[in-house]
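The same chain A turns up in both complexes below, where it pairs with chain B and then with chain C.
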Partner chain A sequence: MNASSLRTVLEGGRPVAGHRPWPRVIVTPELWIALSEGLAGGAWTLLGLWGESGMAHLAAHEPSTGTLGVASLPCPDGWFPSVGRLHPPAQRLERAIADLVGLQPVDAPDSRPWLDHGRWPVSHPLGLATPSIGALPPYPFLPVEGESLHQIPVGPVHAGIIEPGHFRFTANGEAVVRLEERLGYVHKGIESLLTGAALERAARLVGRVSGDSTVAYALAFARAVEAATETIVPDHAHWLRALLAELERLANHLGDIGAICNDAAFALMLAHCAVLRERVLRASAACFGHRLLMDCIVPGGVAADLPADSAKVLRALVAELRRRFPPLVELYDNTASLQDRTVGTGFVRPALIRQFGCGGTIGRAGGRAFDARRQPGYPPYDQLEFATPVLDESDVNARIWLRIHEVEQSLTLIERILERLPSGPVRGALNRPGQPCEGVALVEGFRGDVLVWLRLAADGTVVRCHPRDPSWFQWPLLEAAIENNIVADFPLCNKSFNCSYSGHDL
Partner chain B sequence: MRKLLFQNLLRLPLTVAAPAPSEQALAELGAKLDQVARRRLGRSLAIREVDAGSCNGCELEIHALNNAFYDLERFGFHFVASPRHADVLLVTGPVTANMREALERTYAATPDPKWVVAVGDCGRDGGVFAGGYACVGGVAEVIPVDLHIPGCPPNPVQLLEGLLALLQVQ
Partner chain C sequence: MALIADYLVQGCQMLLMLLLAPLLTGWVRVFKARLLRRRGPSPLQPYRDLFKLLRKEVVLADSASWLFRVAPYLIFAALWVAAALVPTFAGGLPFSWTADLIAIVALLGTARFFLALAGLDVGTSFGGIGSSREMMIASLAEPAMLMMVFTLSLLAGTTELSSVARFMLTAEVGLRVSLGLALLALVMVAIAENARIPVDNPATHLELTMVHEAMVLEYSGRHLALIELGASLKLLLYISLLGCIFAPWGMAVVGEGLTAYLIGVGAYLAKLAFGGFLLALFETSIAKMRVFRVDQFLGAALMLGLLGALLLFVSRSL
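This part shows the complex of A and B:
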């Protein structure tokens, strides 16, 4: 355990003016190392690690006190003490910083490139952006030694309708002894596109970091902008935002429950869940004008008010789901052959989940109760009563049940929101910053907590924006989940995680 | 329980019962698709989906083509796991530099005759992601494209319309 609290350590740094709502402080290398040790000690959770020219930033959370903060280390010589050396969840983030910004994590345990596959015309696009030196040597996968081991390379193009990434399995007979992920294939350079963008374009871009989580990203971005500019959002907009967020959660969880069962060859569940998901998308289109709800949340509020008959449409949706979903849950519960595939499969040690600060259904199915709607919390959830379902089994079955509980919870939340939806304007005018300002926000998407940090120029354009997907802290655990499972169970494990490639690759 | 579900499934075929006009258009569209596909290829059409850098939004709507409302397979369309079995490549995303080679190789692995459909605003010209160091641009920058289905993302009906259009121009 840590002797000092996160607040005490952060108080040792020099506060940066105009960073809201949590403090950001400039720290010395000593404090940076103290922070790394605190993270490694387990008292704090790493929320994000990113860089810009000459500076590395680290966001951390202390669950026991709710303290949140950002520490920034000036790196005049182009390096910083590796956080990943002490705290493994930071390793891939550091590799991304080295690729994108060119800052080197000193003594990092893994110095291989991560997002840079040697295919870009530039090196360190967020740093000095020098012309690329060309192709990199072949990616050195981790060595494996032992008798009768064989390797199975999969991807980047996969067999299904899914995103691209490479998986290198090392198997002993049927059992997987190691999975190594190689990601970065869908790196779109979003952070570089965001630099210098006007707010409207930036909102559209951040809303497309991971299409399935467009509401969560748009909300996190809007909240960060509103924090930076000290803009007050009308009450009505807060409630509409929650409605959007719960519709997104509902659609994705329904899709996932069906898809996981389908990967255990139980297609019936997929067929039924896909119908329910489609009903959610149609109701979303009817009420908000877009099936996936893209561009509905904008800095300052939401883009448009609900059309007149929306409450009726949404109540009908909830009623339909309440009628159709329970029999499917019962079906899952009563199908022993399906549970035979899911129970005990893809187990992740809860200690690992806590260490990685793994959020979303994976975290809550493995005993970690974190839910950003509660802590740090944001309106209107602070005025809504809702339980946080948590399970301890941490296997595929638990991840399915967690989603089932959250579907039920979202239905209840949608009903409550409809009951209490206040009237009034849906959008407030953004304050013009007048001087550079910074904002940060943490929002609970269907996949877990989405972090957005940004700095705005005096004219309101984006100077630097870093969106961090929950998948950063989930992908590494998939490697742990599949260990000692059979190769044939990988799709099942993978789907039960449903990490985002696009959100991670940026 | 399962028996009851099967009965439900038989009693309520969503594709037929749904009353909205778009459903009718869909059914018509489907029948047309079926005829043209048979005339062109004398059999069903196999589609291989390739995500060349999308935000995954387009994938969600392509997935929806398989649900009971759109039920793509009733028209003889089906998604296949290998490009070697495919007639059509359905490509999404602002082809990223990191995916370029994989896309080229997938195209090369698809036997002739083949068609390429670029899906989404991104597939057309890079969409919101155009102009950066990490994206090549639209699909046509990398492989020959026969049809674009714009939208962000295009909805399932637009995707179906696009597939029909493809068959008509070929």
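This part shows the complex of A and C:
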């Protein structure tokens, strides 16, 4: 199957009118399986897999040609051929489809529930929404056999104030034999809330899927709406959006660098990085009116223009970071006890990273150069010069260094955006769809690529919207990263991944 | 009359240890916060925490046995006695004949033994992890401590601390390589025993990396207060021990009168403050080591202690 390109395969389906900017085609089960085989072959990357009543959707990307597309398989009988059977990255997405929509992946290697823990009032909330049958049987964790193995259940409630998730370790003394994650504790029913929502409310909802990536989510949603309605966004808005995205990246990377070091009990880095992150947040509040930049990006543009003295505030921020960040990098580089913890810890095989299409810092620290700002790319990054740092070591140290390099790139980007910020309106009127239309967008957040797919009704309300967090393809790799490590190194690996619970559990 | 006064001083010494222990812990925390450019809590915060814990209800796991309830009292008693034995501001107190280094090591070992049992008792995985790690650390730290004791006793001819302190003040000691090695070994053991960075992190919230905290995760209320106070006492004990053996300057001898005692207390407090500052500085400048590196760290301490003792057999002047 690898011989044919993604485009050829998609041309075998029936195109759907009104889906932009990539094509969406209705495929037959045979073509669906061919797609699964292509994904398993490694030529294409799985971008997303989601469902709605009677239909399963699959988004794929072909890195060599840049082809993107969505394939939809009608499932009148409530089942579809499992993609996860051939391509493991799809397994959790399929289990989520089975829980949310009720479509069963046939021949799936793992038929356990995923998001539904038996505590929802309704089963299949996005499908038939039947009243829940109540408690599910106890969740069977994957078996581990062998002498002198013991299990360590960790979470969902942790000793620190972090999001909930359960980790089941099987260890031989300190050495981890297997880690299995159980997520879904922060399921909020976002997709159900989005169904039927007006655009304004939907934009706010999507912007709150994962609070630390609010800009990335809002941007992906806005771009999907604009693609669906064929709205032209003013140039000025594009540049402001990039400014917002880089500020978010900067704040989160700075926080992460400090937090990873703190998990090795090196609180000095956390203390200093937290101060720098706070500077970014304050500058964000001064320029955009919100520390975390929530609701700044709206479909059609951005909510408000920069106040008069913002350029000065932001330039001062960049100057301060350029002055105060390098000594911290030096401190990290020169602290042998810290390097001893990070170098070689939490190694993920690059082959696995490519297979899972794992993006963001984890992907780029493991040799996968994918950056949604370049491919598929969106304005104004096509007019901006910036580097995409890539490392090959794929350990905790590489993930810290990648963040350090990206902080430097973001600083450069902010400077260049400020230099060339065009003038003009910041918001354009959205076109009224007039008829049902669909849009999709892929945006690079600090954590990785955020995908938003949506269908709008003729009156402009949301019929179905699926935001896919980058963490879907990163959480499984954490299970692989901890192999051959010791139990006590898990927090370090986990923090270097910094996956979103909220974005994943929806 | 003199005897009563001596016993009074001895009583003061025991109470002083109990009252000072939380302050030292708070002091180290303040220094650490300042080094991180944080304002940090008041040095009196550990007292407030202890009072808060004492007032709180004790929540016991269903699987907890009598051992779990008794252990905090045993641990606290052993640590308090051990800490009170160390000469602080005055030597030659009525109980000082019991202030034997080997007795102190044994008391510390007893406290640790019960803490590890309590960690295992509830049957949670974290308690088990903590206990197993603690035992690994202890099995390396105790021999290192004993080697340090042997070095000292070879030199001073006794393991009784007041006499050791007096001996250290005499001119015949001089600068000795073996003492330097013993000092280093004791510092390393003290860091490991007190669950400080780089061996353990007393401030962590990460269950999987804990050693000491993992064992006491299930404790609450007055039990936790006793264990926390015990941990503070242990830190005070080690810093006092370092002060008593390697910096016995200013220490009064019993019966010298109030002025000498006051000078002794002043010198003792200065030593504690300095020790706490050094600890905070060291902890801030280093990351926690991998669990399996602790054996190398403590192995080095053992080797240093051993080397110190061996040197004394080779040459009387080293």
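Assume the second predicted complex is superposed on the first by the 505 of 506 C-alpha atoms of A that agree within 3 Å, B and C clash if a C-alpha of one lies under 4 Å from a C-alpha of the other, contacts with A are read in each partner's own complex, and residues count from 1 in each chain.
One rule holds in what follows: a contact is a pair of C-beta atoms (placed from the backbone, for glycine too) under 8 Å apart; a residue touches a chain by one contact, two chains touch by 3 or more.
Computed from a prediction, not measured in an experiment: that's the story for all the values here.
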Touched partner set for A:D489, first chain B, second chain C, both or neither: second
Touching partner for A:E62 - first (chain B), second (chain C), both, neither: neither
Residue contacts with chain A in the superposition, chain B compared against chain C: B
Which of chain B and chain C A:L205 touches, first, second, both or neither: first
Touching partner for A:L268 - first (chain B), second (chain C), both, neither: both
Which superposed partner A:D256 touches (first chain B, second chain C, both, neither): neither
Which of chain B and chain C A:E406 touches, first, second, both or neither: neither
Chain B versus chain C as contact partner of A:E248, first or second or both or neither: neither
Contacts of A:A159 with chain B and chain C, given as first, second, both or neither: both
Contact residues of chain A, present in both the chain B and the chain C interface: 159-160, 268, 271-272, 275, 335
Footprint of chain A on chain C - complex, ascending: 32, 35-38, 125-126, 128-129, 132, 197-198, 201, 203-209, 217, 284-293
Sites on chain B touched by chain A in the complex: 1-2, 4-5, 9, 14, 49-64, 66-69, 79, 81-83, 93-94, 96-102, 106, 128-129, 131-135, 152-153, 155
Footprint of chain B on chain A - complex, ascending: 117, 119-122, 125, 129, 156-157, 159-164, 184-190, 192-193, 201, 204-205, 208-212, 214, 255, 268, 271-272, 274-275, 277-278, 281, 285, 291-292, 294, 327-328, 330-331, 334-335, 500-502, 505
Partner chain C, residues of chain A touching it in the complex: 150-154, 158-160, 173-174, 261, 263-268, 271-272, 275, 335, 337-338, 340-341, 486-491
